[in-house]
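Working notes, beginning with the structure itself.
Think of it as A, B, C and D in the order they're written, each chain with its own count starting at 1.
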Amino acid sequence: MTATPDLAVRIGSLTLRNPVMVASGTFGYGPEYADLVDLASLGAIVVKGIRAEPTTGNPTPRTVETASGLINAIGLPGPGVDGFVRDYLPFLRRHDVPVIVNIWGRTVEEYGDVARRLGAVDGVHALEINVSCPNIKEGSKAFGTNLESFRRVVDLVRASTRLPVIPKLAPNVADIASFARAAEECGSDAVSLINSIPAMAVDIETRRPKLGNITGGLSGPAIHPVAVKLVWEAARAVKIPVIAMGGIRDAADAIEFIIVGATAVAVGTANFVEPGTAPAVVEGIRSHLVRHGLPSVAALRGTVVA
Amino acid sequence: MKVETTTVLAHATYGGDYRCLELEAPGIAPEVRPGQFVHIRLPAPADAILRRPFSVFRADGDRLQILYKAVGRGTAAMRHLQPGDGLSILGPLGNGFPAAAADALPVLVAGGYGMAALYLQARTLPRRGIAFFGGAKAGDILCVPEFEALGWEVRATTQDGSRGERGLVTDALDAWLSGGGRDLRPEFFACGPNGMLRAVGGRAEAGGWTAWLSMDRHMGCGVGACLTCVQKIRDPDAPGGWSWVRICREGPVMECRTVVWEGDE
Amino acid sequence: MTATPDLAVRIGSLTLRNPVMVASGTFGYGPEYADLVDLASLGAIVVKGIRAEPTTGNPTPRTVETASGLINAIGLPGPGVDGFVRDYLPFLRRHDVPVIVNIWGRTVEEYGDVARRLGAVDGVHALEINVSCPNIKEGSKAFGTNLESFRRVVDLVRASTRLPVIPKLAPNVADIASFARAAEECGSDAVSLINSIPAMAVDIETRRPKLGNITGGLSGPAIHPVAVKLVWEAARAVKIPVIAMGGIRDAADAIEFIIVGATAVAVGTANFVEPGTAPAVVEGIRSHLVRHGLPSVAALRGTVVA
Amino acid sequence: MKVETTTVLAHATYGGDYRCLELEAPGIAPEVRPGQFVHIRLPAPADAILRRPFSVFRADGDRLQILYKAVGRGTAAMRHLQPGDGLSILGPLGNGFPAAAADALPVLVAGGYGMAALYLQARTLPRRGIAFFGGAKAGDILCVPEFEALGWEVRATTQDGSRGERGLVTDALDAWLSGGGRDLRPEFFACGPNGMLRAVGGRAEAGGWTAWLSMDRHMGCGVGACLTCVQKIRDPDAPGGWSWVRICREGPVMECRTVVWEGDE
């Protein structure tokens, strides 16, 4: 029995004090939830997707609720690299929390450019490569489901920065293991998954799609079992850490991910429901470890009996 | 802004299709400013995962009230709340209404839950002006005694004529404006359906007056993180001349001149 | 305004009196629900997957409930072609309902064999080719996600029978349109989708998977928005009819599928919840058509404003 | 077998952690045979989509009762049912208990809700024998007055000794068997946890008696369509010597010799 189990985990050169992050796009850039959540209680904050230039994103409506889920088609609006560095990074630097920037581009080259520029500023601790957002119409979509373009993006980002890089995998592929392995071979420090699952909803009276972008990505409890399966497969395929997300509501959901092999987890849609989810998950993991007499979260990792 | 597990103190039909939910919310109620809202975690159905936004009708000491109508599955389930039940709310949220211009006559325009959303502002405004309330039928006209008790003159309009004038609230407003109102330098505070807000905004812009519109957008997080609730506003510096604001954070109250209305609103 | 809209739809040479089927594996072989549902009220009955030989299926537990969903890993137990023809077909022949047999095999050749044998008996009206069951460990899994083996199976089945053939597409692919087109090119009469989505759940106390088969397939309301997206894409890619399934609970869910392009729909998991779902969906479609002044279900098909 | 929207007539705590739910079910109640069950559509939570199976405790005329304990989210939500509420049930399901052998002494063995599941059979059996009820604590021993009123001798066993003998129900059974019971040609009717059923079945097989076990498997459809609830039974004709039966359809009552027990049951 260990009264204070070791919750720290490593992602490449980065050490997180606990394995619970908040997922990109569900926690803004930091200030939005700062009144409600002590940022220093998080393993890391993953900010909303950033590309080279400011971007407006998709038309409204941008989200729609479904059975135990949420479809979003926000479309990655954002301030661009310079805007992020100017408007948000000073705030984040004042908080004791690792900052992982979710990056994307409309071309392979843009990914490299964003990685290079963000690697050069103080206060960014890792880059999550978003090749899997279902809500952008340009090239990015294919990057996540085509192994060749996936490699090109990851290779270039890897070459453009010394920060830990974390490709975020698309769930809508037949063989997630091959993408996880490709990420590892390209020198990634970890992979994260899953992004939301392509989805759609239509108003049957008006016959219009319920999202301005027509299609979007499904997140929330509905997708959790799909995420567990994919995380299990990815974790068995690679040695680098796997960061798991998809429908986490409570510590049990996070522990399930760790048991199938995740090193860290991220809370997404649940932030909208209960802003205090991530710190509660940290506490829940801690007490689970104590109850099971485990010395560390690492001792729980990949212990699934399968 | 906090998340608070409040206790239901009272829950009763209010008038028309509306119910009044009174909560003990010592953390949030004292902080509420007029025009702000709270984001309620539904007790059921469990497959509806998002919170639901509601304007604060009244806030007195540790208590706050909301007036709501059951329009969908979430609000239908809210009707089963009983005194003593716990209810998680997040708030207070949004910018709220600004203080009134010193030299203007405050004019309130409301439809639907807008009457509730304007009450705190009506109580706070230093001058009493005139309030135009519109609805489809008599049951949609709420809170008239409350507003009158504050010293407001209330003019009701209903589409079926079952209460007040028959017509749209803007018909009554137009009549008032042309009947001398425009000389009183009106400043508008409005909350209701988008069409009504747009119409009120149009009158204000044409007359060179100010109109504060409390806007209703579907919401995800309620705190500015998810970028669901965005509204186009004029922004000369932005490419295309517009940028987004988050109605949950920079709103819900927008000055009419800043709003870029889209085709079908 | 038409008081009695035309609900009939055609799948190849087969005409269904209405577009609402029951999905394979969720309605047994007919007798199970016969006390509760008038089989003649169904557009068609799709029976549980049949291969050449009797099969025992997966170990228990075989299903687990998740947020608005159900994961199943039944594993396609069944009586084999001869057992089906002997034990169930006589019952089905006595009912006035088109019978679609869901077929599978462990090898490409077995698919052909099953198709040939079922094509030769009286009372089978079409074959649905199950290349996408996430719960079988043999070759079948790859048939649904690999375009080449998919074509081989569909080609052989097409060559082995004159019955209408309906490949059932796997949802966990990056590009559903390419599978729908391949099915069309191979001479299929329709495609059906979606099969359940690969998923997994683990008991965090015992660390054992909650399914005997470790992984399974997610169905139910949770997956409906994912199915709508895939059906929309498939229907835009091909001219042959698309049979849509995934999370239908009520007529609105079915109408949504038709609006995005489905010719027919199938009710799956909802049968377990409300056995009367399929007839209720038929009635709901009828009254929707009446209310919108549409002469036929065909007039609603593909009318999405997107 | 039908789906019926029943009306809750009464709903009260029953004893221990159990509640008794009484339903007006004119379509289903008159059809129920001992050992059958009904499949209840949960009123909440909405994200729990499957029905839940419950044995019928009593069926009299148009009414039926079930006794249940809240063990998870679904049964927790059932506790909020109130008289007058509608509740969809599917049933009666399953094979039920067979008639008793003419020359045997009926012996009931029950744990948990098994006491409720055996009541109709206890009422129907032509002879009164002895009933062994086991539980962890006194509160787990249910229905004793009901069984005694039918003329049954009830022997209770609890693991903590708070009621009846301390020990397992099979300890009491064993004592009775060796104290002369084995000469009375017992025929067992049992319902309870798998471990208990297996133990009872083992005694019966060893003694050459018959034991009817009402088995509990997780269920999907409840009608034999989904193949969730399967149980291995001996089948000399099948490859491997076993085949599946569907506990919802060919069960829940199985004769002990047919059952193939798996490692950890």
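In this text, a contact is a pair of C-beta atoms (placed from the backbone, for glycine too) under 8 Å apart; a residue touches a chain by one contact, two chains touch by 3 or more.
As the structure is a prediction and not an experimental result, all values here were calculated from the model.
Relative to the C-alpha centre of chain D, the farthest chain centre belongs to B. No other pair of chains has as many C-beta pairs in contact as A-C.
Separation between the centroids of chain C and chain D, computed from CA atoms only, is 36 Å. Note on chain placement: the centre of chain B and the centre of chain D lie 56 Å apart, centres being C-alpha means. Centre-to-centre, using mean CA coordinates, chain A is 48 Å away from chain D. Chain C has residues 67-69, 220-221 in contact with two or more other chains. Within chain B, the positions touching two or more other chains are listed as 46-48.
Viewed as a contact network, the protein chains are fully connected, with every chain touching every other.
On the side of chain B, the complex with chain C involves touching residues 47.
Touching chain A in their complex are the following residues of chain B: 1-3, 41, 46-51, 88, 90, 217-218, 220-228, 230-231, 240, 243-244, 249.
For chain B in complex with chain D, the touching residues are 44-48.
Note for the complex: chain C touches chain A at residues 66-69, 71, 145-146, 170, 172-175, 197-202, 204, 206-209, 214-215, 218, 220-226, 228-230, 232, 247, 252, 255-256, 259-260, 288, 303-306.
For chain A in complex with chain B, the residues that touch the partner chain are 25-28, 32-33, 35-36, 48, 56-57, 60-65, 67-70, 72, 74, 77, 220-221, 269, 271-276.
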